[in-house]
Amino acid sequence: MRTKGWIWSCSFSFLLLCGCAQPKVLEEVGLVTTYGYDISKNGSILGTMVELTIDPASPKDVVILESEALSVRGIRNNANNKTSKRLASGQLRVIIYGEEILKQGRTGIAETLTSDPSISDMTYLAMADGTARDLLKLKTEHIPDIGNHLYKLIDQNTKGRVMPSATLQEVLHNLFSIGKEPILPILKKDGKGEVGFTGVALFKESKLVGKINSDQSFYLNLIIDKYKGGNKDVEIKSSKLKPRNQQLNKTVASLDAVNGSSKIKLINREKVEFDLDVKVDGRLLEVTSMIDLGNQENIKLVEKEITKSIKREIEKLIAYCQSKESDAMGFGEIYRSSVRHSNLTDKRWYKMFKEAKVNVNVDFSVKRTGLNE
Amino acid sequence: MKVQYQAKPQYILSTFILFFIIHSIQVGIGIQGFQRIIFSEAKNDSWISVVLAGVFTHIVVFFIIKTLQLYGPTDIYGIHIEVYGKWIGKAVNCIYIFYCLGMFVVILNNYIEVIQTWVFPTVPTWLFSISILLLVVYGVTGGIRVIAGAGFFSIILSVWILSFIGYPLRFVDFHHLLPVMESNITSILKGSYKMTITLIGFEILYIVYPFMEDRKKVIKYAHLGVAATNILYLILMLLTLSYFSPGQLENTNWPTLSLFKIVKLPFIERTEYVAVSYWLLIILPNLLLYMWAAVRGIKRSFERKTKGVIWFFTIFLFFVSIFINTRSKINQFNDFFDNIAFYIAFCYPFILYILALIKKKMTSLKEN
Amino acid sequence: MFFKKLFSTKGNLIPKDQNLIPETREKMSTEFKQRLQNSADISENEIGASGITLFSIGTLIDKTMLHRDIIDPLKGLSFDSTQKIMEHLSIGEIEKSNQMEKAVQAALDGNVIIFLDGNSSVLLAKIPSRVGRSVSYAQNESQVIGPQMAFTESLLTNMTLIRSYIKDTSLCIENLQVGSRTNKLVSIVYINGIVSEQMVGSLRKRIQEIKMDGILDSSVLEQLLAENSLTIFPQMALTERPDRVSDWLLKGKVAIFVDGSSLAIVCPQSFMEFFQSMEDSNVNWQIATFWRLLRFTALFLSVFFTALYVASLTFHYEVIPQTLLFTLSESRAKVPFPPIIEALLLEFIMELLREAGARLPTKVGQTMGIVGGIVIGTAAVEAGFTSNILIIIISLGALGSFVTPSYTMGNVIRIVRFPLIILAGFWGFYGMMFGFCFLLLHLLRQTSLGSPYLSPFYPPRFADWKDSIIRLPLSITNKRPDLTRAEDEYKFDPIKAKKHN
């Protein structure tokens, strides 16, 4: 009886081995590490791909592919005709959108991509200032692999809290939630052949409506996220502090190890009024002014001035967002969660947000100055 | 056949294994995607639905044990014969056996669907079906001890998955849970009803009961097992609600698996691939226990040899599973068994308890 | 079935009345020679005119003892009964018999048959020649801390060793004979009062039921005693260490010794115990725990690592982390085979090297390391035959299998890898999981002498977890494992022991 069972299972195993799965052997797939999406002249999608080709014999590690199609998936299929390896997006790290495609509101590309299980939710999204194609075609000596370079660049800056975090998960999360809009970091290629973070793109629903610069993105980050361990130069406009550099007539306080947290509270339902409490602390490293930081009084003074200028910046930022009807900070989310049966829709919220009043309270404290007193 | 069943000493299990049996059979395929279905009814109050459904499960389990305690060491097949008489009893047993087999197919096909969507889109259904069925045959022929062992190890070896909760926690926004009680009671209850297919499995108590060493402790471990499941579901529900935004959740078929998508280990970039395959170990005890329950039914009602019955069922289930191969067919099948499961697992225990009670009273009156 | 028939006919070969000792010397001589097929080593000594003849198998007896203790004292004397001779001789083991069959058997066992003409009974004096070696170092299960002795091929020496470790009145040694032709002496050793009577009983029954013509070593006996002959996993332990056997005896296990075998069989044995070494209890519990965890990690590494490589390279390139991606694809770029062939090939080479090293004489064996390491390893990578990352993985796997203290289990671990690699090569992670689930169910189904193989994990005996994958201080582990179903559950009274431990 036992041996019979043995024979049975053996024959079954052989049968099973007939149904081998279709292999995707590492060296036979073309690993796309970066996608770029632009809009072409006739309105179809123009895709640019960075394919990793690891061949010890060839000097270049990447191949840039371009193709045009009406559907997102079609781009990869069309590009497939031009490669020696089957393209696969399982190692995708970065997706870059061209500015035009976002202005037309075709962010939905990201949504389409998530139905492909091989694409990770931790893929970074970014917007190119100009076209994604130009950005990806960048070739300089110190950037042999633009895909990897962009990934490292975004990764480093996101972790360092310079850029707002925009992974596929977060962007989709905000895109689909009522009362919060997604943001994307903007990458720009400058004339010297370098790529840099220049600002943040603001959206209304899925349409690009505005941009803020990288300086303001710090304040946006402060509100959106728990901010931990960044550094920032804060500009101070005050008569009491004389700038060292008379020519520029600007005083700058350099902060390090900045920690911040914010809290939004709805205080008036009818008039839609919010309280935004921002708490920031950090190390004061440098003030470009003739002032003795050893003096406690002076520190107090600087603290006060920094508080003022942070508040001013945040108010400016909110006003800008309101004018663009882009609620990147998520006030709507707070409204929805505090008002029962609000039945909030995106459209209603855009109007309400425009009229909403936000009281900004900033609490800044200097934890310590640097090594020197 | 006799109503009571005294298991042979080598098949007796220590009672606290029941915790693992109950927990492992409840957690299986439903956990991968229950959040979306409930969310579609109860919105951001879905977690209340989970709690309500959990409480209801405890009540049902209480009545199941009450029913069993009326008879001493017996199982549902014995009770049926006792309550309904020989012929109707056997017919009801057959329905129960079909229910077990149906649940088997639901679990099997949903798992195959998941693995085909996520990992192997080109591998045919029959192949997964045969391979899993062979494992089940190998396990079920080993007897209840092996099956309970599979349940035990499937839990112990899956505990590490829980440690991944920390990753999505970085992205959660608890504002999604507010305001509490925004949905009305009806939709919350509807949400609870949708928990059926996720929660069932505890009815295996009806069948493993005579194999327990100390039947007085059954009530404790059965409730512990159910409680563990409920807590797990509640945590997952809260996590899912606060991790996904409402619109996102509506579009996500398997939110639990999608939660894995952001887990990034230094040596494994994409944990969901590992998780989907690893799920085989989690569903294995479900399949083993349902198959075993069905085989027990045949053995108890018709006194057939188990080995032939197992092979017969296997071949039968294989053909059923390759017939149900598309998404829409699977969904139809799921909905159908969702309804059946609700009545058999959640409602029927009350009826059976009342019937058994009446029968017991009547016989004692007759004797007097 | 076939064996049974053979035996029953053999039993009928000699009629019953011929079984008695013949009365005359000539008849005895012919009878004796006939029964031993006129073997050339039969010796027949007539002592003077006393009418005493000594029959023996010359190769089996100690010649000096024969002269010193039997021939010399009997020389020149005459006796009228065997009883007198017995009283005259000063030999430890001597007995009287009138059965021819028994006498011949005794001769095979190293006895001299002292035949007195005209007498119907003979004396059997045991003076076996001692061929064998003295007690030496344990080489296959070596350890740094602890006794270094190993069993030898002599059953007597082995018993002496065990007795010297356990000086207990309740230590039981039961002798049985196994093998219809080899007639090996098999000893079942256990400590009465600790061991489960039922286990000894079932073991005794199994040994008695063995119908095999020749059992030469305990490893053969182990295969015959195991419950499931289809499984690859060893169900009983084989060890050469007397301290190990003694430790296990104290835990309530049963040991079986076969005469002529330097390995003792110990059962019941659980899966976990194959990964425990005697040295674990000789060092601090923290260190022992670390070692055990290390071995367990090595087990998983060894079984699954190569399969993981094959699976992720064949099907799941997504899971490879960015940092590894470049190195992996670069090393794979030149390899002409798919990963499964590559892995199987290298595993095969690895096994070849191991087997060659084991079969070659020690001096030549050392060169195998050089051949394997330099020639095959380096050259294969340089020729683009395999990727260097796979070489690391395979060597890690091999290393992992060698840390297993039990040689038999180490073999199993190496073999189990192959089906897993094939499954991984066909179905990726799903295949690996399938293999894993199968192994789990398989292990769950196994028993060793009626005890569950995965004990103490399943059925869960939390008290025994203290000495399983980890080891806690000796003062806490006062309970004997549930695996042995010991009659006396406790090693010592924890309350009394607290004062000193």
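Going by the order they are written in, the chains are A, B and C; count residues from 1 in each one.
The rule we apply is simple: contacts are C-beta pairs under 8 Å (C-beta built on N, C-alpha and C of every residue); 3 or more make two chains touch, one makes a residue touch a chain.
Worth saying up front: this structure is predicted, and the values here are computed from it rather than measured.
Enquirer: Average the CA atoms of each chain to get its centre, and name the chain whose centre is farthest from that of chain C.
Expert: So the chain farthest away from chain C turns out to be A.
Enquirer: Taking each chain's centre as the mean of its C-alpha atoms, which one lies nearest the mean of all protein C-alpha atoms here?
Expert: Chain nearest the overall C-alpha centroid, as shown: B.
Enquirer: Averaging over Cα atoms per chain, report the distance between chain A and chain C in Å.
Expert: Taking the mean C-alpha position of each chain, the two centres sit 65 Å apart.
Enquirer: Could you work out how far the Cα centre of chain A sits from that of chain B, in whole Å?
Expert: 42
Enquirer: Can you give the whole-Å distance between the Cα centres of chain B and chain C?
Expert: That gives a centre separation of 46 Å.
Enquirer: Chain C: which residues touch two or more other chains?
Expert: 315-316, 318, 320, 322, 427-428, 430
Enquirer: Quick check: what residues of chain A touch more than one other chain, meaning two or more?
Expert: Chain A, residues with two or more chain partners: 21, 90, 120.
Enquirer: In chain B, which residues are in touch with two or more of the other chains?
Expert: 119-120, 123, 131, 138, 269-270
Enquirer: Can you list the residues on chain A that touch chain B in the complex?
Expert: 9, 12, 15-16, 19, 21-22, 90, 111, 117, 120-122, 167, 169-170, 172-178, 180, 330, 333-334, 336-341
Enquirer: Mind listing the chain B positions that touch chain C in their complex?
Expert: Residues of chain B touching chain C: 13-14, 16-17, 115, 119-120, 123, 128, 131, 135, 138-139, 142, 145-146, 149-150, 152-153, 156, 266-270, 273-274, 276-278, 280-281, 284.
Enquirer: What residues on chain B touch chain A, complex-wise?
Expert: Answer in residue numbers: 117-120, 122-124, 126-127, 130-131, 134, 138, 171, 173, 175-179, 181-182, 243-248, 251, 258, 261-262, 264, 269-270, 272.
Enquirer: Would you tell me which residues of chain C are touching chain B in their complex?
Expert: Listed in rising order, the residues of chain C that touch chain B are 315-316, 318-322, 324, 427-430, 432-434, 436-438, 440-442, 444-445, 452, 454, 457-460.
Enquirer: Show me the residue ranges of chain A that touch chain C in the complex, using the header's touch definition.
Expert: My answer: residues 2, 6, 17, 20-21, 23-27, 29, 31, 52, 54-56, 88, 90-91, 93, 118, 120, 151.
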